[in-house]
Amino acid sequence: MNKTYGVTQISKKILMLLVNVLIALLSLFCLFPVVWMIYSSLKDEPSFLRNLIGLPTSFHFSNYLSAIKTGKMDVAFVNSVLVSVTAVAALVFIAFVAGVVFARYQFRGKTILYTMFLSGMLIPVHSLLIPIFVELKLFTLNNNRFILALVYAAFGLPKAIFLVTSFAATIPREIEEAVIIDGGNTHDIFFKVFLPISKPILSTVIILSFLDAWNEFPFSLVLMGKPELKTLPIALTYFTGQHSVQYTPMMAGLTIATLPVVIVYFLFHKKIMEGMVAGSVKG
Amino acid sequence: MRKRIAVLLAGVMVCSMLTACGSTEEPKEEPEAKQEETKEEKPESKEEKEPEAETDAKSDGDFTEEVTLDVAMMWPLDSTTDAKSYALNHAIERLEKDYPNIKINYDGSVHDDYQTIMMTYAAADTLPDVFNVKGAWIPNLVENEQIGTVDEFFENDKDWSGKFDDEVLFDMEYDGHYYGAPFQNLCCSLVVYNKEIYKSVGYEKFPETWEDMMDCFAKLKDAGYVPLGVGNSGQWVANSCIFGAMGDRGAGTKWYDDIMEGTGDGFLDKDMLKGVEKMAELADKEYLNTNLNSIDQFEVMPPYLNEEYASYVDGSWTFATLIATAGDDQSVIEKSGVAVLPAIDGGKGDYPATPGGSAWGQAYNAKLTGAKKQAAELFIKYTTDEEWCKDLAEKGDFGGMNIDYDYSAISPLVQEYAQLKSSVKKTPQYDCHFDTSVIDAMNTNFQELLIGEITPEEWGGRVQEEYELTLD
Amino acid sequence: MANNKVLQPKKRTLFLYMFPSVVLFLVFTAIPIIMAIYYSLFNWSGGKKKIFLGLGNYSRLLGDSIFGKALLNNFILAACCVVFQVGIAFIIASLICSKGLKLKSFHQFAIFMPVVLAPVVVGFLWKIIYNQDYGLLNFLLHSVGLESWIRPWIDDVDIVMKCITVPIVWQWIGLYVVIFVSAMKNIPEEIFESAALDGAGGIKKAFFITWPMTMDTVKISVILAVSGCMKIFEHIYIITSGGPGTASMVGAMYAYKTSFIKQRFGYGSTISVGIMAVSLTLVLICNVIFGKGKKKYE
């Protein structure tokens, strides 16, 4: 009896060890691209091309200078920040109120409207490229950062509303009843009750929509027809000519575009996780 | 009540935060954007209202009013390595110095993205004032009245236009008119080969007949080399750089004419398919690199420089990149030669020949009139003239005019190419003239042909299907 | 019922709340879609010249074998993402919430990292991993003595689609891990405790408690994964552009190629409308399968 107990205990330990090793490998493999990108950005072109994975033998920080010069990364960085932040700010507010309305209240045409929004998640973006360009050009609204931010907000809207609606549907009715009994009104319910409760889902929405806006390519390409308005993903293409590619400056450019997001995530990921847990309602 | 006010306040705060978000960036961009808009529109409205001013400007060639030209091309201005970017910067400098009243509003993108942008602009009927046009786009743009003919520009200044060869003008012609000024001269099908490796299997120079080449490749393969490298992940290299030559070797230029006219057997033509069969033979005998569909034309260079590939196929744009990729160690390039693909038995085409021409040209928006059109004419001239060609030559590239330049200073390989270029016949580049959807069908199916997934007949059948759709 | 009436706000308030999102959706999504549907009725290569075809493009679409192949690839991809992405994420999240795993917050941080990367970067990286000559995968196979497995991965029409599925699954696992972890942390501790008293082990707990308790989250994840897979574009554009031939073609890639490379804006729009119709059907089916969840919205 005692013996078998010992064996299962040992096999359990081995299993746990195996699991730990597997997950650790996965984690390392998930970190690898960023690490690879950073050390590749310090290699010189011929040694990068001869061995894509190898470590640098000498450090070439000049790649960063040529990245900034070739890609105008500084201007692009500012543009990307402005557009993404504006888009996310608008999106979160709009999606939050709409999502809660969908989850909690009845009105005519609700199902149709909700299905419409839901179908917005399924559109291949390129299919809207020409229509939106035609539409904006009609009012000469292209070449405008604020409009691009609105386009991004609109694209993020379906997913955001879907997430908020799904989340808000799980909040117990009693909470809002209590507010009404206390003499509160709808605004109170939204901003004093639902807003704090929805923190976890809103932080997910913020992360996802920010990343989408930060990395968005085709619309920025077509709508921002002036060098001073280009965003980071466009700037990164300047390293690939028709008949030439500058890989190492491109790696430096990619690092400039990615590292700040990674750092912000690194600084806040614990807060985000905590927020997700603390803000949630026990279902 | 208090609660209500608090909520209202919160709402107002959120709103003002949002608008503040908008407005903090607004002042930064608005004045700028507005200024530019008014700048742009001024000359235009001027033209419409005062036709006399136009004629004035025309008669003495001066620009009394400031003219802003919107230009979109496929070269980023700030590129440090691109020959065209270098020449373009210089051309804009020259133009703005000679004509201080012309302002260039330049938007550069890279090749692939440029196509997406231009397709969108064309769809919305809002092309920029001056742009790069690809030969294959011209028919469509002409039919939609979006592109103006450069015939009159050519007529106005024969000193300039007379220097373009017919072979580069060929790609810019449609229905008896020219729609672009050529800014480059390409040879699209070249083999860069390692002379020493070829010598080691008994070939002093690149074989001139298909049988010799197959014999040579067999020996190279036995010696452990990849005989011919291809980087076809962009899907166009097999078509441009191999089929462009092999199709013509098989069927001659008559087949090209037939396709353009919509006559003949199209893609079921027996002679043309001979060329395709030769390509399939390369795949069948495993003379190509097995990863040819997942690497691009740049990625064939490192294994070539490492002497794993005995040769590779590409176009004349390859030299600058090859030299840059080699970096400090130019030894392999020094023992490299350049040649065209060999003749085939019973083929109707000429040898030595390579598909080539300008492929692209400088074009202008059909809507331009008056001073703007004049400015466009100047811009097109400055980006194609001898000075432009000299700037390109400095970087090892070839403009649309033949100029005297000693390329050996750049590399003996480029010098060897310059000689080859003047001695071979140019044949039409299919992918600059055929309908874009036919080209895509050719490209896509070549990927499968070169890995032995489909036969030459299947290839022909599939492309024919797409081709027949365009004939209606 | 009475409760609902009290809680139901005035129509004007509801209208005010819904107004911004509806306007944004109309201007930047609904109207453009209507325009795309309009274009899909024409043979159009840009500019003024449009030839009206009626439903001609749609009848062509029904017989288009490449479109069929592309959709099939989309379906396979979606199925793989649901099974592996959501499945693996669920397992990892359960482990993170269990006691056995070490370095939990490190794992949570690391596994989320690919989510932060642009799809283009992920595509570029995996293209290099699969590279035949100096790619990481063949290098690893070589070093563990599995030379016979070495091959040009993404040049093989039979395995290219599987090769492309891996990076897509890999990139988004982290997102679902985070979503699942926050859902699992909300399961009351007492339930686990009482289960432990009944002698339930880790795997049993995951099956009989965690899984049913996080069912809502699973549903959301499945719909997110399916909708993401139906419009997947960047990874494939970078890694293979749909090749070799059309072996890894997906709907969005085909629509892009038709519009922007073949310059057939009319038929390109038709393909897009086709994809949207199919994916909407698919998501509605998902919703019906998960029918139970609906009660909560009413």
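Lettered A, B and C in written order, each chain numbered from 1.
Heads up, the rule we're going with is that a contact is a pair of C-beta atoms (placed from the backbone, for glycine too) under 8 Å apart; a residue touches a chain by one contact, two chains touch by 3 or more.
To keep track of the chains, here are their UniProt names: A = Carbohydrate ABC transporter permease; B = Extracellular solute-binding protein; C = Sugar ABC transporter permease.
Not measured: the values here are computed from a predicted model.
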item: Between subunit A and subunit C, the fewest steps along chains that touch one another; value: 1
item: Leading chain pair when contacts are tallied as C-beta pairs; value: A-C
item: Whole-Å gap between the CA centroids of subunit A and subunit C; value: 14
item: Whole-Å gap between the CA centroids of subunit A and subunit B; value: 36
item: For subunit B, residues that touch 2 or more chains besides their own; value: 116, 120, 123
item: Multi-partner residues of subunit A (each touching 2 or more other chains); value: 93, 130, 134, 185
item: Multi-chain contact sites of subunit C, meaning residues that touch two or more partners; value: 131, 259-260, 265
item: Sites on subunit C touched by subunit A in the complex; value: 3-4, 6-11, 13-14, 17-18, 20-22, 24-25, 27-33, 35-36, 39, 92, 95, 100-103, 105-122, 125, 128, 131, 134-136, 139, 170, 174-175, 178-179, 181-182, 185-188, 213, 216, 219-220, 223-224, 227, 230-231, 233-234, 251-252, 255-256, 259-260, 265, 268-269, 272-273, 275-276, 279-280, 283-284, 296-298
item: Interface residues, subunit B side, partner subunit A - complex; value: 3-4, 7-8, 10-11, 14, 17-18, 21-22, 25-26, 29, 32-33, 36-37, 72, 74-82, 105-113, 116-117, 120-121, 123-124, 126, 297-298, 301-302, 306, 317-318, 320-321, 324-329
item: Residue ranges of subunit C in contact with subunit B within the complex; value: 44-49, 127, 130-133, 152-155, 157, 240-247, 257-265
item: In the complex, subunit B residues that touch subunit C; value: 115-116, 119-120, 122-123, 125, 137, 140-141, 143-146, 233-235, 290-295, 303, 308, 436-437, 440, 444-445, 447-448, 451, 453-454
item: Residues of subunit A defined as touching subunit C within the complex; value: 16, 19-20, 23-24, 26-28, 30-31, 33-34, 36-37, 51-53, 93-95, 97-98, 100-107, 113, 115-128, 130-132, 134-135, 150-151, 153-155, 157-159, 161-163, 165-166, 169-170, 173, 176-177, 180, 185-186, 190, 200, 204, 207-208, 211, 214-215, 217, 233, 236, 254, 257-258, 261-262, 265-266, 269-270, 273, 276-277, 280-283
